[in-house]
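You will see two complexes here that share chain A, one where it goes with chain B and one where it goes with chain C.
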Partner chain A sequence: MVNFIIDGKKISAAEGTMILEAARANSISIPTLCAHETVSRSGACRLCVVEVKKGKRAKIVTSCLYPVEEGIIVETKNERVMNVRRLVLQLLMARCPESEVICELAKEIGIETQPRFIPDKDKGKCILCRSCVRVCEEIVGVSAIGFSCRGADKTIGPPFNEDSAVCIGCGACAYVCPTGHIQMEATEDTRKIWGRTFKMKKCDVCGRYFAPEDQLKYISKKTGVPLKELAICTNCR
Partner chain B sequence: MKKISALDDLKKAGDKGWKSLFPGGVKILVGMATSGIASGAGEVYAALAAEIKKRKLPYVLAKTGSMGMDCIEPLVDIIEKDKPRLSYGKMTAGKVPDLIDQIIKGTIDKIKPVYRIDEENLIATRDKNHYTKGNVPEYLKEIPGINEVPFYKKQIKIATRNCGIIDPENMEEYIARGGYLALQKVLTSMTPESVIEDVIKSGLRGRGGGGFPAGVKWQSCRSAHGDIKYVICNGDEGDPGAYMDRSVMEGDPHSVIEGMIIGAYAIGAQEGYIYVRNEYPLAVTNLTKAISDARSRGLLGKNIFGTSFSFDIKISKGAGAFVCGESTALMASLEGKAGEPRAKYIHTVEHGLWDRPSNLNNVETWANVPVVISRGGKWFSEIGVPHSTGTKVFSLVGKINNIGLVEVPMGIPLKDIIYDIGGGIPGGRKFKAVQTGGPSGGCIPAKMMDLSVDFDALREAGSMMGSGGMIVMDEKTCMVDLARYFIEFLVSESCGKCTPCREGVRRMNDILHDICAGRGREGDVEILESMAKGIVDGSLCALGGSAPNPVLSTIKYFREEYDAHIKDKKCPAGVCRALIRYEITAKKCTGCGVCAKKCPTGCISGEKKKAHKINRKKCIKCGICMESCKFDAITVE
Partner chain C sequence: MKKATTIEAKVKEIVKKHGRDKSSLIAVLQDIQEEYNYLPKEALLAVGEQMEVPSSRVYEVATFYNTFSLNPRGRYLVEVCAGTACHVQGSFNLMDRLKRDLEIECGETTKDNMFTLEEVRCLGCCSLAPVVRIGGNIHPYLTQDEIPRILRNYRKQG
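Coming up: the complex of A and B.
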C-alpha cells in the first residue's frame, strides 16, 4: 500500500491506483469528462487536474493518469488547480455552447462563461475527448471511427466521412460520449448512426427488435457462437 | 568493401580520407548544404566543373557542407599545397573564369577571398592541420585569417566540427578527422558504465530543448527492465528560422551515427531510429548514404569492430508536424500512429517506443558524443559554464548582418553573439530584442544584452534555450505582432489532443488578432496572462506548456506596446496595418512621382515637382511608397 495525502486527508491505496480513483474512493470528488471506466485513459480533457507536491516541487498533473506515490501531497481544489479547471471549462463552453453537460458542470463548480471567447457554432457538442474512438478500438475492436485533421480543425468520424464498411452499429460510441454529441436515431426496425442505417434483428422468442444484424454477425464471427444462438435477445436467453 | 575491425583498419581508412581531403595540387570545394544550394551553389559547382573540363585542368572539385556563414554563400574554398586555404564568398557562375585565372596565376587581383585559413583544429584528436607550415605568401597577407573574422573568432566547433570541411558523402574523410576513433575506444576499452560515467562527467545536456543531462538519461534507460531497447535521434527540427540540426545532418552525418552507436552500446540497445523531417531531403539523402557506408564497412550491423556488439540504424521520415519533435509524439509517429503526445508520468526511458525502454536525444546532442568520449568528459565540462557545459549551435537569423549558424561556448554574453558574431543590425537600426527557443521560447529585450547564454539564465529570463533558434528583431518589429505570429504558428501546429492547447492557444490568438486590428479591450492583457498560466499548467505536453511564452515574455518586457495598441490604438513600431497611416511630409516631398508610380492602388497623386498626397480611403497600407521614397518624405504613424 502507498500512503499519501489528498486535501489534507491521509489516505492509502494499492500501488498502481490512479489519484482519481483513490480520491473518489475517499469521497473526494474530482470532475472528469474523458475518463470512462470502460476505456484506457488519454488525459485529453484536462478537467481532472490536481497539484502534486513531491518534496519542494509542485506540479499540475492529470489525476486520471497519475499513479499514487508514497509521501506525495495532493491538492484537488487549490487556486492553481482551479485556474486550470476554470480555463478548461470556459474553453469547452465556448467550443460547445449547446452542451448541457458542460454548462451543468461549470455551474456546479461556480464558473461563468468568458465573454471574451466567441462561442463556436460548428463544433456541436464534441469536446474531442476520444472516448468514442477508444471504445470502438479497444472494446468493440473495429476502429470504425477516428480522427481527421489536426488542432482546432480536428473532427471525429469514419474515414473521409464516408459510410463506414466496418461499423457494426453497436452504438458503443454514443453510449460513452460524455456530452451526447454522438446521436443514434432509432425506429422500430432500424438504427441510424454515422450516416449509415442498420437493420435491426427481431428476437426469435419475444419478437422485439434488439440488436443490429451486423453486430450479431460480428459477434458470431469473433466468438465462434453460431448466429442462430445469438438470435435471441438477452431478456429471453 | 573491407570491414573495419581494428584500429589499423581505421587508420588506413583515415589515411585514404586524408588524401581525399588534401589531394595535393589544387582542390576546389563548394559549400553544398541547403543554405549554399539556396543561394546558387549548384550553378557555381556546374560552372566550375565546366571550366575545369574546358581548360583541361588537373583540379579536384568537391562538395562540402556549410561552415555556418550563410550570409556569404555560395562559398567556394581553394585548397593548394602549402598555401593557406582561401574562402571566396558570394560566388556566382559568372565569376568562375576569373577565379580559375587567379588560381593559375597565383593572384587575388580580381576576386578577393573573404578570409584565409592557415590552420585548422581537429577537435576530436586534439591535432592541428597546418595548411601553410607558417609561411603565408606576401600577396595573401592582406586577407584576414579566419580567426580574425569576428563571425568566427569566438566560436568553438564541436558539434559542427566537420561541417564545411569534409565531403559528407565520404566516410573516409570523416575518419581522417578523428571520426569513429571514439567508437573504437568505447568498444575495445570501455565498459558501458564507464561510457555513461564519462558522459555524466561531461555535463552534456540535451540540445533539443529540454536540457536534461544526457548521461543521466542514458543511465535511466540502461537500468530500465527489458532486453530490447532503442536509441532514437530526433531530427524533426521544426522551429521557424532554426536549422542547426539540418546543417549537421547534411554536413556531417557520421558524427550523429557514431554518437548513436556509442549511446546504444552504453545503454544496451540493439536498434536505432533517426526521425528526420522529410522537408530536409538532403539530410535524408546524406544520412541514408552514411548509414549504408557505415554498414558496408562493418561499423553498423553485426559484430561492430569485431566485438560482440551489434547495432543498426533505420531512418524514419516525418511528414511535417511540428509536434512530432516532442518525444512521445515522435515515438507514436515512429510506430505509425498519429503524432500525438502522451502523458510522461511514466518515462520513455522505461516505456517508450513500442513500450520498450527508449533513449531519445536530438541531432546536436548525438553529434557531441564522439568528441566527449575522445577528449574525455572532464575536457568537455571545462568548456562553457557550470551546469551548461560545452558549446551550443545557434542559428542567427532575422534583422542581423551576419545571418548564419554559429557554435559558441555556453555562457557567452548575448551581446557578443549579436554584435561581434552577428555584426549588429542592418541599416543602422536599433536592436530591440531577440527571440530564443523558437515559437515556444521567449524574447529577451535589448536591455538584457549582458545575459549569459546558458540553459538556466535563459529560463530565468522567461525564455529558453530550445533547440537554438535566435531571431533578432530591430526597432521596426512590433512585439504584439511578433507574439501573434508565433501563437498563430502554434495554433496551426497544435495536435488538438488536449483542451488547453487546442482551444486555449487559439483563443489567445483571437485576442492578439483583435489587439493588432485595433479591437483590443481594456483587460485583454490580464485575460491573456491568466489564460497563459492555465495553459502552461494544464497542457499535456511541452508544446502547449510553453506555447504562451512568446506572449508572456513580450508582456513582461514590452507591456507599453500592448497598452499603446489597446488604449491609444497605435502601433509604435508601425507594423499593425489597422493602427498605422502613411503620411507625406510636404516639405520633404520633391514631387518626383516615384511613390505614385509604385503604389498598387494608385492612391497617391499630385502635380509634378509639387508635394504629393495620399488618399487614405484607397490606401491599403502596404508601405511600398515609404520604401521607394529616396527623400525620406514618407513616414508611418
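Coming up: the complex of A and C.
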C-alpha cells in the first residue's frame, strides 16, 4: 500500500492505482470527460489535472494517468489547478460550443458564457479524446473508426469517410462518447450509425429487437458460439 | 479490375520486402507512393489486409503525414518552399508565377498530369533561398523569369 495525501486527507491505495481512482474511492471528485471506465486512459481531455507536490517541487499532472506515490501531496482544487482547468474548459468550450456536457461543467466551475476564444462552428461536439477509437479497438476488436488528417482538420470517422465495411453497429462508440458527438439513430428494427443502417435481430423467444445482425454474426465468429444460441436476448437466456 | 490485381501484387511485393510487422507501415506506404506517386485506395486496403492492420489505422497514418497524398499526383511534384528564408526572398512570387504558368491552384495537378503544385515548409537548404524542388531536383536562387524555361525542359523530358 502507498500512503499519500489528497486535499489534506490521508489516503492509502494499492500500488499502481491512479490518483483519479484513489480520489474517487475517497469521495473526492475530479472532473473528467475522457476517463471512461471501459477504455484505457489517455489523458486526452486534460480536465482531470491536479497538482502533485513531491518534496520541494510541485507540478501539474493529469490525475488519470499518474500512479500514486509514497508521500506525495495532491491538491485537486487549489488556485493553480483551477487556473489550468478553467483554461482547458474555455478551449473545450470554444471547440464545442454546442456541447451540453461541456457547458454544464463550465457553469459548475464558474466560467462566464462568453468564451475567451472564438468558437468553432464545424467541429460538432467532438473533443478528439479518442475514446471511441479505443473502445472499438480494445473492447469490440473491429477497429472500424479512426482519426483522419491532423491539427485543425482532424476528424473522427470510418476510413475514407465512407461506410465502414467492418463496423458491426454495436454502438459502443456512441456509448463511450463523453459529449454525445457520435449519434446513433434507432428505430424499432434498424439502427443507423456512421452513415450505415443496420438491421436488428428479433429475439427468438420474446420477439423484441435486441441487437444488430452483424454484431451477432461477429460475436458468433469470434467466440465460436453458434448463431442460433445468440438469437435469444439476454433477458430470455 | 485488372488494375486492382496488379496493385495488390505490387503491395504484396513491397510488404514482403519490409516485413509484416506493423512498425514497417510507414516504410511500406512510402514505397507505394514512390511507385504510384500517390496512395491509391486499393493499395491502402491491400496493405491493411496483408499487414493485418485495420484499414482505419492505415488511413489514420496515410492522412496524418503531409508527404502522403491520397489524390493522384502528376509526373513531377513542384514544391515551393515557404520557409522563413525563402519567404523573405519572395517565394510567394514564385508560387504566384507557377500558379499562373501551370494554370492550377496550390495542391492541384495540371490537366496533362505533368505537374502537381505544392507548398512545403522548409527544404533544409535555406542558404539557397528562394528554392523550388521539382521532381526531387533543387532549383536554387530561383527567379520568376527562369520558371517558363525550367517547366519547358521538364515537359520536353516527358
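Here is the rule we use: the second predicted complex is superposed on the first by the 233 of 237 C-alpha atoms of A that agree within 3 Å, B and C clash if a C-alpha of one lies under 4 Å from a C-alpha of the other, contacts with A are read in each partner's own complex, and residues count from 1 in each chain.
Everything that follows uses one rule, which is that a contact is a pair of C-beta atoms (placed from the backbone, for glycine too) under 8 Å apart; a residue touches a chain by one contact, two chains touch by 3 or more.
Just so it is clear, the structure is predicted and the values come from calculations on it, not from any experiment.
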Query - Which partner reaches more residues of chain A (counting touched residues only), chain B or chain C - result: B
Query raised in the report: Of the partners chain B and chain C, which touch A:F147 in the superposed model: first, second, both, neither?
Result: both
Report task. In the overlay, answer first, second, both or neither for which of chain B and chain C A:T179 touches. Result -> neither
Report task. Check whether A:S63 is in contact with chain B, with chain C, with both or with neither, and answer first, second, both or neither. Result -> neither
Query raised in the report: Taking the superposition as given, does A:Q215 touch the first partner, chain B, the second, chain C, both, or neither?
Result: neither
Query raised in the report: First (chain B), second (chain C), both or neither: which does A:P158 touch?
Result: second
Query - Touching partner for A:T32 - first (chain B), second (chain C), both, neither - result: neither
Requested in this report: Figure out whether A:S131 sits in contact with chain B (first) or chain C (second), or with both, or with neither.
Outcome: neither
Report task. Figure out whether A:T76 sits in contact with chain B (first) or chain C (second), or with both, or with neither. Result -> neither
Query - Shared chain A contacts, counted only where both chain B and chain C touch the same residue - result: 147, 149-150
Report summary line: Counting only contacts in the complex, chain A reaches chain B at residues 42-47, 49, 60-62, 65-67, 80, 83-84, 86-88, 91-92, 94-95, 114, 116-118, 127-128, 130, 147, 149-154
Query raised in the report: Can you list the residues on chain C that touch chain A in the complex?
Result: 41, 44, 54-60, 63-64
Query raised in the report: For chain A, which residues are in contact with chain C within the complex?
Result: 133, 137, 142-150, 158-160, 164, 166
Report summary line: In the complex, the residues of chain B that touch chain A are 321, 338, 342-343, 345, 491-500, 502-504, 506-507, 510-511, 521, 524, 527, 530-531, 533-535, 537-540
